[in-house]
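The following blocks contain the structures, represented as C-alpha cells.
Both complexes below contain subunit A, partnered by subunit B and then by subunit C.
Right, the complex of A and B next:
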C-alpha cells in the first residue's frame, strides 16, 4: 500500500506532536510516525510543573492532550511502528513499514528525541532493572528505606536525588567533576539535604551483585583510590544521547551526533527539518521542544508553499 | 493471587508477564501494544499483567525494581526478563523460540 502526505513528522514526543498540531491546522496532510509510544520521554515524568498554563500534570496526560489536539485537526498518528527503510533525499522522502506500507511525503520533520546516556561500565546492562534505573519517577518506590546512589551533577541528577529522598533512607551523589553543572537552587537543596551525601571527582567503574545489584566499585579520580561501595540501587542521570542513528547518511551531524540546524530549523537537506532533543542546542525541556516543533512546522509550511509556486 | 500466578506460569505455552503500576507512564504506553500482541498471537501465548502495587509478593519474589518489566515464563522457567517498553515485533521475536 502506498500513502502520500504533505509532511511526515518522525517522532511523537512534544516536538513532533506540536508540529502535527501546527501542520494539520494549516491544512497540510500530516502523519506523525513513531517507532515508540506517543509522548516520548515526557511519559517518564510523573509531574510536570513548569509547563506554562498548566499548574501540574503528568507527562503521560500532557502527551495525550497534545495527541488529541493534533488528531482533532486531522493529523494522523502511527505510534509503535516498525520502520524498515527510510529515504531522506532532496527529491525522495519515504518510509517503508514492516507491513509493506510505503509512505511518501514532500517534507519531513525529524523529531526523534533522545534517550538516557548510559555509563558504559561492566555490569550496567546486567543490573538494569535489577537495581540500576534511569527513571526516578518509575522506580523510586522500589527503593523505600534503601540506600542508593545517584550518578551525575546536572539539574536532573540533583533534582532527582532530592526527590528520591522521599523513598530512600540515604542518597549518595557521585559526580565525576569537581563542581556541579546545575542551578544554584538545585545545588543548595541537594548539598544541604540531611539524607544526601556527596562524592565529587568520583566515578563508578563496575557494578556487582547476584540476582540484583549489591555494590559498585567507586574510584576517586584525584587520588586514584578505589572502594567497594555497598548499595541497593543506582540512578543514572548523566544526560542524553540524540536518536539520530541512520541520519548520518544524508544529514549534517555535530560531534555529539546532534542534527545541525539553521535558526529556522531547516537542515542541509531541502525539505528536511528537525525539532526537539535531537538537534544541536543548549536546553532540553518540554517547553523548548514545543517551541522547536512550532518553528519547524512553520518553516516546513513555508517550504511547501514555495515549492508549489 | 499467589497460587494462581504460580499455576499460570506452569503453562507449557510461553507466558508473557507485564509487571506494571497504574501510576507509571511508560506502563500505560505498554498496555495497548501488549493488547494488540495478545490478540494477534491468540492461543499460542498467554499474556498476563501484574500490578506491582496489588501483588507486591510476586514482584518482590522476582526482584522487580523497575517498571514496566517484561518477563516470559514457560513451564515454570524464566525465559526472558528485561525492563522497558517492548514493541510488538520485539515481543513476537522473543516468544518465537518457545512456540509449539
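Right, the complex of A and C next:
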C-alpha cells in the first residue's frame, strides 16, 4: 500500500506532537510516525510543574492532550511503528513499514528525541529489572533497607541518590569524573547526606548475580585498581543519547551525533527539518521541544508553500 | 487506579477466572509510571493483531495483586511492570521492567503464535 502526505513527522514526543498540531491546523496532510509510544521521553516524567499555563500534570496526561489536539485537526498518528527503510533525499522522502506500507512525503520533520544512556558493560541487559533500574520513582521501593549504587554525576543522579535514601540503607554514588556536573545545591545535599558514600573517578565494568544482581566490578580510573563491590541494586543516570541512528547517511551530525540545524530548524537536506532533543542545542525541556516543534512546522509550511509556487 | 484502555483485573478471583476462560493471556502488573505506561500502550496496540490473546493489566499496589507478585517466576524481579504470559493457566514467560514492542511481539509469537 502506498500513502502520500505533505509532511511526515518522525517521533511523537512534545516536539513531534506540536509540529503535528501546527501542520494539521495549517491544513497540511500530516502523519506522525513513531517507533515508540506517543509522548516520547515526556511520559517518563511523573509530574511536570513548569509547563506554562498548567500548574501540575503528569507527562502521560500532557502527551495524551497533545495527541488529541493534533488528531482533532486531522493529524494521523502511527505509534510503535516498525520502519524498515527510510530515504531522506532532496527529491525522495519515503518510509517503508514492516507491513510493506510505503509512505512518501514532500517534507519531513525529524523529532526522534533521545533515550537514556546505558553503560554498555557485561551483565547490564541481563539484570535490567533484576537489580538494574533507570527510574528511581518506579523501582525505589524494591530496595527498602538494601545497599545500592547510583551511577552518574549530574543533577538527575544526585537528586535521585538523595531520594533513594528514603528506601535504601546505603547509597554509593559512582562517578567517572573528578567533579560533579550537578548544581551546587544538589551536590551539597548528596555529599552531606549521612547515608551516601561517593566514589569519584570510578566506573562499573561488569554486573554479576544469579536471579538478581549481587555485585558489580568497580574500577578506579586513576589507580587502575579493581574490586568486587557487593550491591543489591544499581540505578543509572548518565544522561541521554540522541536517536539519530541511520541519519548519518545524509544529514550533518555533530560529534555527539546530534543533528546540526539552522536557526529555522532546517537541516542540510532540502525539505528535511529537525526539532527536539535530537538536535544540537543546549537545553532539553518539554517547553523547548514544544518551541522547536513550532519552529520546524512553520519552516516546513514555508518550504512547502515555496515549492508549490 | 490504572487509567489505560486495557481490561483491568481487580481481584484474585477475577484473575483466576481470566486464566480459566482464556487459553492465552498477557497480564501487565504495574503502576501509572514511566516504565509501565509504554508497555500498556504496546499491549493496547497489539490487541487487534493478536485476537487469540486476552490482554489485561493489574495494579501493582492492589493487595490482590499478590497472585502476580508471589509467583515463583517473578522471584528476583526488581522493576515494574511485571508482565506475565499464561497459556492454559500456566506461566510460560515473565518479564520485568520496560519492554519494547519488538520484545513483546517476539514473546507473543513464540508462546502463542499470531
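Here is the rule we use: the second predicted complex is superposed on the first by the 309 of 309 C-alpha atoms of A that agree within 3 Å, B and C clash if a C-alpha of one lies under 4 Å from a C-alpha of the other, contacts with A are read in each partner's own complex, and residues count from 1 in each chain.
Basically, contacts are C-beta pairs under 8 Å (C-beta built on N, C-alpha and C of every residue); 3 or more make two chains touch, one makes a residue touch a chain.
All values derive from a computational prediction rather than experimental measurement.
J.: State whether subunit B and subunit C clash or fit side by side on subunit A once the two structures are superposed.
T.: clash
J.: Scan A:202 for contacts with subunit B and subunit C and give back first, second, both or neither.
T.: After superposing on A, A:202 lies clear of both subunit B and subunit C.
J.: Touching A:172, do we find subunit B (first), subunit C (second), both, or neither?
T.: Neither partner.
J.: Quick one: classify A:211 as touching subunit B (first), subunit C (second), both or neither.
T.: A:211 sits against subunit B and subunit C alike.
J.: With both complexes overlaid on chain A, does A:142 touch subunit B (first), subunit C (second), both or neither?
T.: both
J.: For A:231 in the superposed arrangement: first (subunit B), second (subunit C), both or neither?
T.: neither
J.: Taking the two structures together, which residues of subunit A meet both subunit B and subunit C?
T.: 35-39, 43-46, 58-60, 80, 82, 128-131, 133, 135, 137-139, 142-143, 211-212, 233
J.: In their shared complex, at which residues does subunit B touch subunit A?
T.: Result: residues 21, 23-26, 28-30, 32-33, 63-67, 69, 81-85, 87-89 of subunit B touch subunit A.
J.: Could you list, by residue number, the parts of subunit C that touch subunit A in their complex?
T.: Listed in rising order, the residues are 31-38, 41-42, 45, 75-80, 95-98, 100-102.
J.: In the complex, go through subunit A and note every residue touching subunit C.
T.: Against subunit C, the touching part of subunit A is residues 35-39, 43-46, 58-60, 79-80, 82, 128-135, 137-139, 142-143, 210-213, 233.
J.: Given the complex with subunit B, which residues does subunit A contribute to the contact?
T.: Residues 35-39, 42-46, 58-60, 63, 80, 82, 98, 128-131, 133, 135, 137-139, 141-143, 211-212, 233.
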